[in-house]
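You will see two complexes here that share subunit A, one where it goes with subunit B and one where it goes with subunit C.
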Partner chain A sequence: MLELLAQTGLNAVYAASYISLVAVGLVLIFGVMGVVNFAHGELFMAGAYAIVALYADMHLPFFMAVAVGLIFVGLLGLLMERALFRPLRDNPLGGLVASIGFLMILQALATMGFGVRMEHIPPVTQEVLIFSDKVRLPVSRLYVIIAAVVLLSALWFFLKRTRFGWALRASAQDPEAAELQGISIARTAQIAMFIGAALAGVAGALTAPLISVNPHMGHSVIVTAFIVIIVGGVGSLEGAVLASVAYAFVHTFVTTFFDGVIADITGLSLMLLVLIVKPTGLFGSADRA
Partner chain B sequence: MLSKFRASGLTRRTFLKSTAATAAAAGLPGAALAAGDPIKIGFLAPLTGAVAAWGKPGLDGCEIWAERVNAAGGIDLGGTKHMVEFVSYDNEYDPAKARTGATKLIREDGVSFIMMLGGDTWPGVQPVADKTGMLFSTLLPSDLSPDTTTLIAPAEVHPIYNVTGVEWLAENKPELKTAVMCAQDDALGLPSVATYLAAFEAAGIEMQGDPLLFDPATTDFAPVVTRLLSSNPDIVCLDTCYSDYVHPIAEQLFQQGFEGQIISCTADFYDQMIDKTSKEFMEGFVFQFPDFDDPALNGDNINFDDPNGFYAEYNERHPGQWGAVSWEYASIMDLWKAAAEKAGSADPDAVIAAMQEDGTGKHAFGDANWWGKELFGIDNALVGDWPVVVIEDGKATIKGFRNIPAWYDKHGDLLIKHMQAYDQMWDQRG
Partner chain C sequence: MHKLLLWPIFGAALIALPHGLSFSQQEILVFLTINVLVVSSYRLLTLTGEWSLGHVVIMGVGAYASALYTKELGIWVPVSMILGGITAALLAVLLSFPLFRMKGFYFLIGSFAAGEIIRLLWKRFRDPFGGPKGIKGIDPMPDFSIGIYDFDFFEPVSYYYFAGVVVAACLWILWRIERSPVGLTFHAVHWQDKLAEASGVNLRAYRTLAFAIASGFAGIGGALLGHYVGTINPNSFDIDLMVFVLTWAIVGGTGTFYGPILGCVVLTILNEIVLREMGFEQMRPLIYGAVLILSILFLPNGLESLVQKGMRALRGKSRSKEATP
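On to the complex of A and B.
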């Protein structure tokens, strides 16, 4: 039983890692721009396809492909900000609808470029850390965990310790006051969009060899991310990280000890419970909710 | 029922009027064909999305089939030759889109026959089939019911043929005593779960716990595999999981150190699974769908024209895309063509009557019988032999053909018991 608990714990840490990367990006975009980016799952998908193109097809080294994928998806985010969200800055519903349209465009582009079938990506490594006969951690999963810790720590440092980070937080808290202080709302929106998209992209890129890559893979990711940010509190980065960890542990343990369908129901019940007890989410403020 | 039509923007009156107009203008499909008119066949299956692997490769196979038939002069209906062409509609495995597609194929394209994957999409199409009398085929006989007499399952008797793999395993590896199973919780997964449970019980293999069901949206299978391996099973059964699930589950089994036996309904693109794991890990993997270059398919019992040539042609056009359904829709067309030529008409009623005239039919894997009354409430499934396939030295190899009705005669009560437990009998399905 101890081994089963330990292995399940490792599985949950991995799940929390990639979910938090996606959810934090989504929260950052919403916090700064006030836009619910429905295409965020497709940015995750774009990161995965960057690995298909660069690593599986062009045989670039995996981590170089991840780095290029990160920049590529970040630039996609900039494109979305400039072409979709900036013209609709005062129209949150318009931004949401535009992101749904962009989601479909990205899916169609992936289908046209790569076909409908799941893509085969050779394993990055088959090395496995063996703690005991029943407790193992594939190194390819360890990469995801390390990347999440490093990137989220770097984001925390950026937001708390740099002038750009302060500007970003100021824009999120009160855009008008921030603008009066000389902070460019357009510039902070660009930074938020680049970072948010890049986080989704790097999550997609790092997990691509471990999951099924297809044009519709973003759907389940965005559903999970929405549950997480509602539980954590819409607009709260700390809430997104903590809710990711909580959701991943609950979902993983319930899947292991009951089954996956019950785990989904439990995850949604958790969200409903939080909405009933604290409608703003665990760390959310009434302003953003 | 009426509300469904209204929801789709199609009232009962306009539907009946247009159907009547179509019938009046065109007669029944076969009767209206003038000399030289092509016979249009509808292909209504998922061509995109998670289930596309069981749609698109089938359409690719049909295109090869059509070229072969047309090159040989086409389909002979009462002395008049007709070319055949396929009209496809991507239902994305969505019941509402499938209903729209069926209506479009019948009303706008004038098809004579519609082939489907079935499963979750069939309930969307069933009202259209009932209203129009169009002949439909499904790959999943669990769609069959006495309510729709024009739905046939002539290619595969999914998931009943899965019993042959378990039976072979029990005979050839009697040291395997325990099993666990996982499946997606949907119209493909659940009847297959019931079938495998019956097969394991019949073989004297003990199930270690209930089958683990997961949401079809699952992407991370590590928790599923951890749970499966927690009881140290001899056999891990992957049920009828889609290839998008079979691959990551197999990879997880490899990474979490499983060294036992794997059995699955399908192993599409198994070369990629070998690449993700190892040849040694995949050795002995049992499943049900052969590569058509297998020498065992050259026997006199096989009713599929030039399987090796078909496989070579398919791989030349679609390298690495061969899968479980690449040949199945084409084999259905073999049956349909033979029946239409026998009837001298493409009329659905005439074709199905000719197809089932003496209760037998020529299935791809040998002569078979129209069967299924007990399980499906109607004898509209063509059932006979089915191959057991094992990966040996990195290549799928047919280990033999086993007779499904023979298994059912011995263990049918078990199958019905488990189907009932999962609400999968025809009279239990909503």
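On to the complex of A and C.
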């Protein structure tokens, strides 16, 4: 029993890692631009397909493929900012609707380019860390955990210790006051969009060999990310990370002891409960909706 | 004078319409008729300023309820369709307690979560919802004859006439509701909520009422669909269909009663007839997405704003003609 708990805990840490990468990106975009990016799950998918194309088909080294995928999805984010979110700044529902349109385009492109079948990606490494007979951690999962810790720490440092990060937080708090101080809102929006998208892309790229890659994989990702950012408080990066960990543990344990559908229902019910009791989320302060 | 003539001509055109179409196009026409009801009921909800992402699941509630009433209780199909609508409306009243504690973006996400929970419950509980495979062999509408026309409901044309009459009746009711003092209050709840509340309007009650009425008609739409296709499952009412409904409403525009209907008809013709016939099967979602983006960027008030501009131009012309004899 103890071993089962330990193994489930390890699974939960892995889930928390990629969920928090996705959710933090979504929160960053919402915080700086005030836009709910419905296509965020498809950015995750784009990262996964970058691995299919570069690593599985073209046989580039895995981590080089991940790096290219990161930049590619970040550029997709820049494209969305320029083409969709900037012209729709004054339309509160517009950005969301446009991102739904973008989501359909990305899904269709993935289907046209790769087909609807699930992609087979050769494993990156077969190595497994063995803690005991029943407690194991595949090294490819460890990569995801390490990447999440490193990238999120780097993001934290960037936001709290650099001038760019300071400008970014200022324009999230009060765009007009930030602009009066000489901060370019368009520039901070671009940085936020690039980072947010790239985080989703890198999560998709790193998990691609571990999950089934198909054009509709973004749906469950965006549902999970919404649950996490609502529970954590829209606009709170720390809240998103904490809620990712909490959600991953609840979901993984309920899946192990009951089943996956019950786990999904539990997660959604928790989110509804938070929305009813404290709509600003458990850790939320900024309310821009 | 010519306005009175317009409606019978329009009706006659709708009756004649399916006879010039192929079988598959007739089937699409049935779906289009049902979707017109769904998107119009969605507009009633948007009158109060709330955008829901659970509307299609509510439509599914009507379909599931009506299918189960006929299957388990042996209720006559037309009655069970109405009961399906009532069930959807009652569920909406129940859902309004948690959901209407939220507004705007939070309501959007909350309605999405509530809808997903309902869908997952259908998936999880094989009894009575049939699990992931859903309900099969739903009783079809029983055939009948009205003397001049024999309704054979395996024919899409017959079902088109039947659904057309039901949908027309529902649209007329929705139109009357919108023009009634209740409908005007819905507008007030959206645009002047503080003022309306200060004038003694119970905001919560009116929002709930709009949600329940919209859900009821969506439920009837779902029931119409279920008894036509014969098989429904949780994926028949997933977020993809919701995105379509949202797209129709946005592309058409929600400022007028006909806006969402216009969006639904135009996009369905574009999607099913033009793109399918031209062989762009895989590219259809791509073009749909592009249309959605282009219309929100360049036509933020929807197709209806084009119609209004056109009408104004026509009127301006006829007036200038009168002025110069």
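The working rule: the second predicted complex is superposed on the first by the 287 of 289 C-alpha atoms of A that agree within 3 Å, B and C clash if a C-alpha of one lies under 4 Å from a C-alpha of the other, contacts with A are read in each partner's own complex, and residues count from 1 in each chain.
In the analysis below, a residue touches a chain if its C-beta (ideal position, glycine included) is under 8 Å from a C-beta of that chain, and two chains touch if they have at least 3 such contacts.
Remember, it's a predicted structure, so these values are computed and weren't measured experimentally.
Enquirer: Is the arrangement of subunit B and subunit C around the shared subunit A a clash or a fit after superposition?
Expert: They clash.
Enquirer: Check the residue A:5 against both partner chains and state whether it touches subunit B (first), subunit C (second), both, or neither.
Expert: So A:5 meets neither subunit B nor subunit C here.
Enquirer: Is A:14 contacted by the first partner subunit B, the second partner subunit C, both or neither?
Expert: A:14: touches subunit B, not subunit C.
Enquirer: Would you sort A:261 into first (subunit B), second (subunit C), both or neither based on which partner it touches?
Expert: A:261: touches subunit B and subunit C.
Enquirer: Which holds for A:154: it touches subunit B only (first), subunit C only (second), both, or neither?
Expert: neither
Enquirer: Applying the document's definition of touch, where does A:212 land relative to subunit B and subunit C: first, second, both, or neither?
Expert: A:212 sits against subunit B, while subunit C stays out of touch.
Enquirer: May I ask you to decide whether A:111 touches subunit B, subunit C, both, or neither, giving the answer as first, second, both or neither?
Expert: both
Enquirer: For A:146, is the partner it touches subunit B (first), subunit C (second), both, or none of the two (neither)?
Expert: neither
Enquirer: What is the contact status of A:122 with respect to subunit B (first) and subunit C (second): first, second, both, or neither?
Expert: first
Enquirer: Go through the superposed model and pick first if A:134 touches only subunit B, second if only subunit C, both, or neither.
Expert: first
Enquirer: Any idea which of 91-99, 109-117, 181-189 or 217-225 of subunit C is the one running into subunit B?
Expert: The answer is stretch 217-225.
Enquirer: Considering each complex separately, which residues of subunit A are in contact with subunit B in the first and with subunit C in the second?
Expert: 111, 219, 223, 261, 264
Enquirer: In the complex of these two chains, what residues of subunit B are touching subunit A?
Expert: 47-50, 52-53, 56, 185, 210, 212-215, 217-220, 222-224, 226-227, 229-230, 243-245, 247-248, 251, 255-257, 269, 272, 275-276, 278, 321
Enquirer: In the complex of these two chains, what residues of subunit C are touching subunit A?
Expert: Within the complex, subunit C touches subunit A at residues 51, 98, 101-102, 104-106, 108-110, 112-114, 116-117, 120-121, 123-124, 239, 243, 246-247, 250, 282-286, 288-293, 296-297, 300.
Enquirer: Using the touch definition up top, name the residues of subunit A that touch subunit C in the complex.
Expert: 36, 84, 87-88, 91-94, 96-98, 100-105, 107-109, 111-112, 219, 223, 226-227, 230, 234, 261-262, 264-265, 268-269, 271-272, 275-276, 279, 289
Enquirer: Of all residues in subunit A, which touch subunit B in the complex?
Expert: Against subunit B, subunit A makes touches at 4, 7-8, 11-12, 14-15, 111, 116-118, 120, 122-123, 126, 128, 130, 133-134, 136, 138, 141, 210-212, 214-217, 219-221, 223, 251-253, 255-257, 259-261, 263-264.
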